[in-house]
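Down below are the structures I want you to see.
In the two complexes that follow, subunit A is the common piece, with subunit B as its partner first and subunit C second.
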Partner chain A sequence: MEKIKVEICVGTTCFVLGASALQDIEMFLPEELKDKVEITGANCLGLCKNSHFGDAPFVRINESIIVSQATIDSVINEIKKLVK
Partner chain B sequence: MNNNAERFRRELLIRVIRGYLDGTLRKDIDRIPIELRPKTMEAASRCCVYKDRAVTKYRLMAMLGCGVEEEVDEAKSLAEYLDDAEKRTELSPNILSVLDIACQACVESQYIVTNACRGCFARPCTFTCPRGAITVVGRQAKIDKSKCIDCGKCTKVCPYSAIIRVPIPCEESCPVGAIKKDETGKEKIDFEKCISCGKCLKACPFSAVLERSQIIDILKALKSGKEVVAMVAPSIIGQFPNRLEQIAEALSLVGFSEMEEVAFGAEKTTRNETAEFFEKMAAGDPLMTTSCCPAYVEAVKRHVPQLLKYVSHTKSPMGYSAEMVKKRSPEAVTVFIGPCVAKRKEAQSDANTDYVMTYEELGALFAALEINLSELHGITLLREADGYARGFATSCGVTSAILQDKAMADSTEKPNAKFINGLDKKSMKLLPLYANGKLPGNFLEVMACEGGCVGGPCSLRDVNLAALAVKKQVEETK
Partner chain C sequence: MNGDETFIEIECSQSIKTGESVCGDAFKTVRLDDENRHIAVLSDGLGSGIKACLLASMTTTMALEFIRKNMDVLPSAEIIMDTLPVCELRKISYATFSIFDILSGGKVRVIEMDNPKFIHLRNGKDVQWEAKTMVSEKWPDRKLGVTEFKAIAGDRIICFSDGVSQAGLGSPENKFGWRRDGALKFIQDVIAKEPSVSARELARKITVEARSKNPEYKYLDDTSCMVIYFRKPRKLQLLTGPPFNEENDKIFAKRVLSYEGKTVLCGGTTANIISRELNRKITTNLKLIRISGNLPPPSQMDGVDLITEGILTLTEVCRALEAGKLYDLPLAASELTNMLMNSDVIDLIVGTKVNEAHQDPNLPVDLEIRRNIVKKIKYILEQKYRKLVTIKYY
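Right, the complex of A and B next:
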């Protein structure tokens, strides 16, 4: 199976609004997910523009799913849905 | 950052800054509390959206630099406060305040029995309590509040760990007991005791402690086209996942005329502090302590005056940096940018530092202008500060800088250096002992924040990650 691609936005807006706390998400991944996902940093996904900064930080999964106001927990939950 | 309160504060800051810069703030500011908490919103953070809105209004007042304790007319609009902010030329000496409507008046009782209590047969709690304050009623131990002396012995003997201590977070965090309940049970800051360290600000889970921002004053200076210099503290490295060159470029995009590393001031602090150490020792002094942490200096002045004669007279890095900038360009407006609340206090008595901005505010400023640091090439720094000077940002940084100073390296006399990494109620007790010569050491470094400045209350990043980034940079520029 192809790995699930998780991109954590580390653009400045996302970083300031909480992405700095997502940096160690890898440590919190449950065992069974560890080799199923690939986590990378992304440079501004372009979702924070205009008045949308209120929903930062953003995480993008498999190029299509957007997690807004992302926390370690909400991102992991999103990943779990894909594995099922 | 990993809590809701900080996130909300930053979001508000971004709105305020953006609105101010594009000229819509006066028109929109009174709508912000409502927009963020519409009545259709399901989950209010407090009892209801209306209270949330009221709290948000006060938060915005503090962001405008207006003191919530000075409110005389509850109906005064934020737009009017903004007018006041734009008109003022002087800053208020009060920095922190407790927002009484946000303060939850945390329970006084420090020890409680949780429902993990099984009402066991052995009942060690009742035997251990020196005041006989615990009895078992039904199947539950009960603590008689009138007898309890908060010794905590019961928590240690319970086989189920059923007795816990519920602290009052702000009081717990204050190293000097400056925040206490008033008659109504709400917290109040005693400014005679307060050392402006900002620990309560970070500790309160309801974000009821507010700090007066100077952001409007700074944005006003930037808008006016004046020369405004950004003096960035050594701890800036590690606040963003970016290089210093990129931060410099971002600052120039914001409108700062130049970025000055306060690490240059730290180079001078190192030289002068070393020289002062030798002088003091030659004069027969038993001890010298650092003076670069303003919260520590305030703590000495207000709580351990007998130690004051040993605090060095050398200026802080900010003091020297501002002096250098003003010498070069006397007309320039100087803005110190750092993680520190107490620097606001220090700046008020330093004629060369005009304003203080926190990293949190800086991050919000970049976000408000949609400046993404990672996309910038960065501008070449004219001169890089010395690695050791950049190391001032972490605990022990000052000591290592002094130990490698040329004068020190050439001398056979080496200091017996000690350090206090973070002021709290316990380490405060050490200060009088140092003053009375009861503890060894003739050079004492004190940082009010654990980890050093990187652990400051207004920083953007986890203290350990930030400290690592600083250490890396120090190694690279040694």
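Right, the complex of A and C next:
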């Protein structure tokens, strides 16, 4: 099975609104998810320029799912939904 | 000599005598763009600490102004000697100096008083010029040496205070100190190994090596080394911000492809534009966040030397440059600052489109307008670090 790709935006807006703390997602991932997820940083995803997507910080999952105002918990919940 | 072909890099490395809080040597330099001229002065004040610092600073300031105004050498030196305050302890007023006046076309005039004689290296060899001696009637024991010659591309001029030439004085290996000859041999070895070593790096290496000659790695005197390098300019372009008109995105991409020098992209959107136009992938190593301090980590792309976040990083770099504190910076700011310091000609390419998300009053930090911060960086790089900086807006 292909790994779930999680991109944490480290653009200016996301960074000042807390993306730097999201790097620790890896540490909080439940054991059963650890080898199913690939977490990377991403250059500005451009989502902050469009209010339609909500507020920063943003995390993008599998190129399509956008998590706005992302926290470690909300991102892990999204990942869990995909695994089910 | 100057301009496109040859850049004159002037740098000085200074270390304070161990135990003192200020340097008793002073260094000042100025670039007069209108005349295509550079002046640099190194002075060593009598003694150490505040008193020496004061004597040396007064000397460099006066010397620089007199030379800039093309005053005659002898009366200038006399004014300096007359003006310096008399040391209570030693009953004399005294500071050595070496003045380098580099004119358009590479004509160099050196005026020295009591500093170790400067070194002029051409193709690794010490060119020995004969100095004309001048003596003031008022101060007959102070002899001035005036040397004139023409420098060519690749030449280096090195001048140091006696903290360098007297390093290791009294030790079995250097009974009379490292001396000019010892330093010269070291400099020749460094250049043989690293032919294009920058003035900044060479000056640093010399002071560090001088310290290594002293017992317990202490600086036993204020130790300064100035290097002037007539070099092919090291160029760097920094692209930051998306162009106001999207049709100029292509110009940005073209610049990345064709620039003869290093390329830095500052800003996520800027990097994305280049990535899209050139079809090159950007990678960001999230692991780097842990060592990135309070800035987003740098990213990578083929053909680009550095990619950083934009406004926060530029703000941090600007602050560091202004304060002269170029160490212990967050990773991206440190890499960018190093690249700027290791360049002679810097082209700032600024896209003026404003990122509206940055203007949100709910953001926890104030984000400066890019154009302002870049203008400030230009000013500091020119005034404080003697770089040739251009700026272009799109």
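Operating definition for what follows: the second predicted complex is superposed on the first by the 79 of 84 C-alpha atoms of A that agree within 3 Å, B and C clash if a C-alpha of one lies under 4 Å from a C-alpha of the other, contacts with A are read in each partner's own complex, and residues count from 1 in each chain.
Throughout what follows, a contact is a pair of C-beta atoms (placed from the backbone, for glycine too) under 8 Å apart; a residue touches a chain by one contact, two chains touch by 3 or more.
Source: prediction; values computed, not measured.
Partners subunit B and subunit C, once the complexes are superposed on subunit A, run into each other and clash. Looking at the shared chain after the overlay, A:53 reaches subunit B, while subunit C stays out of its contact range.
In the superposed model, A:13 makes contact with both subunit B and subunit C. When the two structures are aligned on the shared chain, A:40 is found in touch with subunit C, with no touch to subunit B.
When the shared chain is aligned, subunit B and subunit C each come close enough to touch A:23. Of the two partner chains placed by superposition, A:83 touches none, neither subunit B nor subunit C. Touched by subunit B in one complex and by subunit C in the other are residues 10-13, 15-17, 20, 23, 41, 43-44, 48-49, 56 of subunit A. Here subunit B touches subunit A in the complex through residues 1-2, 7, 10-11, 14, 240-241, 250, 360, 363-364, 366-367, 370-375, 460-462, 465, going by the rule given at the top. On subunit A, the positions that touch subunit C within their shared complex are 8, 10-13, 15-17, 19-20, 23, 39-44, 46, 48-49, 56. Every residue of subunit C that touches subunit A in the complex is listed here, in rising order: 267-269, 271-272, 275, 282-286, 288-290, 292, 294-297, 299, 307, 309-312, 355-358, 360, 363-365, 367. Across the complex, subunit A meets subunit B through its residues 10-13, 15-18, 20-21, 23, 41, 43-44, 48-49, 53-54, 56, 71.
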